[in-house]
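Sharing a structure with you now.
Per-chain residue numbering starts at 1, and chain names A, B, C, D, E and F are given in the order in which the chains are listed.
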Amino acid sequence: MEDLTMSVETLARNADILWTLIAAILVFFMQAGFAMVETGFTRAKNAGNIIMKNTMDFAVGSILFLLVGYGIMFGDKFMGLFGTTGFIDPTTIGDSYFIFFQTVFAATAATIVSGAMAERTKFKSYLIYSAVISLIIYPVVGAWTWGGGWLSSLGFHDFAGSTVVHSVGGWSALMGAKILGPRIGKFGPNKRPNAIPGHSLTLGALGVFILWFGWFGFNPGSTVALVPEIGDIAMTTNLAAAAGGCSAMFISWFKFKKPDVGLTLNGVLGGLVAITAGTAAVSNMGAILIGLIAGFIIVFGAWILENIFHIDDPVGAVPVHLMNGVFGTLAVGLFAIPENFGGTAAGLFYGGGLSLLGSQLIGVLSVGIWTSLTAGILFLILKKTVGLRVSPAEELEGLDLREHGSESYPDFMVKG
Amino acid sequence: MEDLTMSVETLARNADILWTLIAAILVFFMQAGFAMVETGFTRAKNAGNIIMKNTMDFAVGSILFLLVGYGIMFGDKFMGLFGTTGFIDPTTIGDSYFIFFQTVFAATAATIVSGAMAERTKFKSYLIYSAVISLIIYPVVGAWTWGGGWLSSLGFHDFAGSTVVHSVGGWSALMGAKILGPRIGKFGPNKRPNAIPGHSLTLGALGVFILWFGWFGFNPGSTVALVPEIGDIAMTTNLAAAAGGCSAMFISWFKFKKPDVGLTLNGVLGGLVAITAGTAAVSNMGAILIGLIAGFIIVFGAWILENIFHIDDPVGAVPVHLMNGVFGTLAVGLFAIPENFGGTAAGLFYGGGLSLLGSQLIGVLSVGIWTSLTAGILFLILKKTVGLRVSPAEELEGLDLREHGSESYPDFMVKG
Amino acid sequence: MEDLTMSVETLARNADILWTLIAAILVFFMQAGFAMVETGFTRAKNAGNIIMKNTMDFAVGSILFLLVGYGIMFGDKFMGLFGTTGFIDPTTIGDSYFIFFQTVFAATAATIVSGAMAERTKFKSYLIYSAVISLIIYPVVGAWTWGGGWLSSLGFHDFAGSTVVHSVGGWSALMGAKILGPRIGKFGPNKRPNAIPGHSLTLGALGVFILWFGWFGFNPGSTVALVPEIGDIAMTTNLAAAAGGCSAMFISWFKFKKPDVGLTLNGVLGGLVAITAGTAAVSNMGAILIGLIAGFIIVFGAWILENIFHIDDPVGAVPVHLMNGVFGTLAVGLFAIPENFGGTAAGLFYGGGLSLLGSQLIGVLSVGIWTSLTAGILFLILKKTVGLRVSPAEELEGLDLREHGSESYPDFMVKG
Amino acid sequence: MKKLEIVIKPERLELLKAILEEADATGVMISNVMGYGNQKGITALYRGTRYTVNFLPKVKVTTITDDLKAEKLIDQICSQLAQGEAGDGKIFVTDIADVIRIRTGERGDKAL
Amino acid sequence: MKKLEIVIKPERLELLKAILEEADATGVMISNVMGYGNQKGITALYRGTRYTVNFLPKVKVTTITDDLKAEKLIDQICSQLAQGEAGDGKIFVTDIADVIRIRTGERGDKAL
Amino acid sequence: MKKLEIVIKPERLELLKAILEEADATGVMISNVMGYGNQKGITALYRGTRYTVNFLPKVKVTTITDDLKAEKLIDQICSQLAQGEAGDGKIFVTDIADVIRIRTGERGDKAL
């Protein structure tokens, strides 16, 4: 009898590990999605460079997060601010399957930036940035929240990482794109933005589908346990993505007279980012609403970024990950249903008043300040030292040839 | 002891959910496969348009199937014909994981059509079509069969959807392609077909591999429960695909003197569609035979469609999904082994006589009539109202530029 | 009580099946990865041909491994050398889920060769080769090891197949590339190698990500059971890949003054191959070290192959699969920790002396001799009979047009 | 000898090929160009930013013939390819000083 | 009539377009070429094997104009496009024997 | 000054490059064309429907040189590139009215 109990417990535990591992594998595959989206939405002459950045931030990040990041995030906390144990060999404080799961999440935060800084950033500086975000910037935010730090004690709810993962990537992307300045030719006289179309819509779309696929690990997997609610979470995830695509498409159709392919695809991603915080706490209807708003944010966010702030974000990382990361986190304060699996307080629309919304706001702000400060300082230091940007000649000829000595499509006639 | 029994039951149930959810995620990814196959096998100037159609039929379909389709399919039946409950919020009549699983199946049926109608269909009309198939056409067929309606009472066996999913998509594809007419330049004088090669065999092949991969969710996942037979089902699925590829290759080699890449890839898909109905009911040898015939159907079906019926189906959706959907369904009546997991009556070759074959035929016919009628009427209405087809000038210049104002490969020299 | 015990046992068994099947599906998807890597790293004029080879070796191999290969590998052994039962219908000696798992592994070994022999091998001869490797060459090696044959009795440890799968593919690749000779134009006067860049770095990179993704089935799935250690195995797998990418990048940067994209991507693959044997037996630190060395082997191995041996291996299959397969197998003898899941003796660095290293060496050598002999004889026979290589004219014009009558990118201007 | 450079819309290429074959043109070179003439460009959209694709894809077909055949070809093309729309295309005629067949070293008309 | 073939770096195309539009060029053909002139090629790397990309991507812009406009255009281009670096490009001038507008059959200057 | 347009098979490009470099050609433009000459096209297959790829990929190498060097080049090319097969290619020679180096505004022979 005791034996039986034990073997049932083992089985249950193994099932948790199984699901978490599968989810982690799906999240890993999002790296391929990011690589395809970012390369598809930029020019052919920089394709190899983007590929390298996406590969190397994951490779470097995987090792550094193991050695240092995981300890900062999950080690014994110093005043709820950061961990202080488990360095070098984190298996002393956590199980491998869980460390692996956390590694692929950390890598997602890191990889977001390359898109916003694409087509003009020095490879060497990008490597340094990506080391720092995996070593410190992301793990500290993780420590505050999922690591049991001060934000989690406040009741801040971010189930799968609208803030912890996506807004951290998004804030860094914003600071990077701002400090770097726009690509040559992006803004004409009077700062009128010019379109610089990406070189392969099909690869971009493939990337979006891969990300969507991986998100079914990202969100439902964040239960880190086999519970029946993974089905509900998959539903809200999918509905928000679908609604994000629909609203971005219809709004772009209305605003520009034509249904825009790029914005629609970004709308899907926006919906996914926005649902990530509340995915376990909202209803299907809530998810659809969140997705619809997310699509709206994509279209107008991208427009404002270019036309008001004159910031050049080649792949739309800021509207997708930052704006919708912030929105999604706040949306929990509006749409959360207490009896749902997420187990939060009720949101504003479900009679919970402003209290949950308040903690969400604190989370958004504190993470925003921390990330933009540290990332900003990092990029400024890089600018003064190694240099952040390639020379104009290198930029015009393409980073592939100059930074890597490689051509991505040597068999095809590629336009300048 | 009771506790233990309960926790074992919970665990077993969670394991069912886990498997079904993973299978659903794999089936979701087939959307990426369809997008790649359809874009790879059509011209570069329409790549963005195909991408949009594939993205939007899934996005729109996901929401409408939730609100209406699921209720029609699984709600309390009216005379075994269609469901009448569970609208708007189907979680009242089903679990989320199962609704999600059904959603991705519905989306598969919907997305098949875009390939057959590629390179000439108005985007707006395609959106309307895709709404209607997710709202009504597919759910009604689903109600008859998997929803427990009249066909299932007859003993009709379609394990994973050769008829329910693929032939529904296939019949709609046939009606659409017929009513739409061929692409400009497809048929020369005397209706001699011209080849209009697709713009990227590599993307097309990638799509086929993704579909094959997703099919391991489609077929084994249709157990909707964790049973040991998922292994057997994976085997028959894989063998039929492999055999389909082999036979299409050898037949094309024999017939055209060269092993044709496009037909071989379609042969794989044909094998997958054909095995889908009987995947749990046939032996490995049965699966290989079904695959071999499927490859034959691909080569000759495509030929007949073009040369006898003069129908222009750019990606071969009709031979793949319709012809092999029908064949696969009937093949159950030939190859079914009663003791297998599917739990059908025996097929003709296993001493079961013509009875199972009879019910299969009724299923094929009734679904064929329903789908081609409703889809046909829908397309005719669209033709008379919004218009089904873009103008010749738009078609010649490409749907990307005219319908979406976008270029898919702006960095490359694209031939007219 | 007995019922309960039974249902727990069933559940545990089903969970094993579930995990093994999912892992097999992931490994299946590696076929897409191979197809993309091989096509991306070769020229556009041969893209369709490479696709066909990758599709058909899997299709043909799936069927032949079922009918014959599995029996040779897992049937009752004749003197520990090869199996003699279970032909035609291996379900008599094994479960379907396990046969399927073994099938996708066999296909991996088979598919490695096409890359090394790309751009000049006759399609017909490739088909014959791929039949023979699935029928005999690979299954015999499998019989010696995983099938319980003589090598496994020696204490030879190859958890997921650095030797059994990758070096078998790698030795065949080496023999093939050697006997075939280099592509026209590969070596200039004085045998100075010329670069023949691949036609799409983005597809190549996508392939690498897909392989990395699939490897999480390949290695952790080789437990063939749901055990908690799958998490640890995923960790070592990922770390070695990451370290392989890092070291290949830094070494190429140092050696060639620029971080090379192709070598970095190959470095990732090298790390994956190298960790495969010891993935369950080494620590995280061990995995990182193995990966770092693997990256080194990639850069120098590729250089030596071209510059010293003048062998033309278009995609780097020999450094990736052969050299790192051998290294990874030997590395077990260095880094194995006895208390780990793999359950080996201790490696040299953990106080185990040279005994494990000895058995590993015997394994490497015996498999190397068997494979290079049989594959070599096979290729020589093919050369004398059907012919191994296309004519120079066919090679110059491209295998797509001449062997398949197809163009892979008809809408784009493709350079000669 | 004259060189005719015929610039047309890609979709008319098949027709032009037929004309050339019928006229027994001894050789032809086809290349893609982006053209701008009387036919206006169109506005494209990328992530909500408008840009003008003011150059439309055109096909340039070049053939070198003797002067007589050149005139006949021009007539044929004008009569068969004119649809009366902007974008029907143009023919540019240049004198050719010499032609050499590499295989044989033949020059002038014999090399055509 | 003169044919100007203007070979420049791809990134200068926008500027050249503006010059041509201002000068009221009646039509233009753009094509990609790989060029080799005073500007040296660069060394690329593939899997550790060096190779020379000694041909750099260039854009060839062809316009046919009357002789007067041709001279003006040449002046404009030289003054606005010269940066004083190797690689600024060249203009090749050829005499055009005739131009035909396919739509109408008009020939010579009228067809421009 | 003469413009040589040399049309050859892509695989012979490396050899031609060497000839041009040796002859000290001051510049070169390479572009892809689809060609049709004495060499016959081949039949391709798409999903079982045959179609003729009657245009084969060719490379067009254009170089502008003074008249003297042009003659030498033609000789060199004919002697080194002729394999005696259909498809060896052709050279088209045109007179060039003028050449301008954009960087300096130099014209004529000096601009070469």
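The working rule: a residue touches a chain if its C-beta (ideal position, glycine included) is under 8 Å from a C-beta of that chain, and two chains touch if they have at least 3 such contacts.
Worth saying up front: this structure is predicted, and the values here are computed from it rather than measured.
To find the repeat of A-E among C-F, B-F or C-E, check which pair has over half of the same contact pairs by residue number; it is C-F. We define each chain's centre as the mean of its Cα atoms; on that basis chain A and chain C are separated by 33 Å. With centres defined as mean CA coordinates, chain F is found 18 Å away from chain D.
A separation of 51 Å divides the Cα centre of chain B from that of chain E. Contacts with at least two other chains are made by residues 31-32, 44-46, 50, 94-95 of chain D.
For chain C, residues that reach two or more other chains under the stated contact definition are 1, 4, 8, 11, 15, 18, 22, 197-198, 200, 206, 256, 258, 260, 262, 404-407, 409, 412-415.
Chain pairs that touch one another are A-B, A-C, A-D, A-E, B-C, B-D, B-F, C-E, C-F, D-E, D-F, E-F.
Remark: chain F residues 2, 6-8, 31-38, 54-55, 58, 60, 74, 77-78, 81-86, 88-95 touch chain D in the complex. Residue ranges of chain C in contact with chain E, taken from their complex: 193-198, 252, 255-256, 258, 260, 262-263, 266, 299, 302-303, 306, 316.
For chain B in complex with chain C, the residues that touch the partner chain are 1, 4-5, 8, 11-12, 15, 18-19, 22, 26, 43-45, 197-202, 205-206, 208-210, 212-213, 216-217, 220, 226-228, 230-232, 234-235, 238-239, 241-243, 245-246, 249, 256, 258-262, 264-265, 268, 284-285, 288, 409, 412-415.
Across the complex, chain F is touched by residues 3, 17, 26-31, 62, 64, 94-105, 111 of chain D. Across the complex, chain B meets chain D through its residues 184-185, 396, 401-402, 404-407, 413-416.
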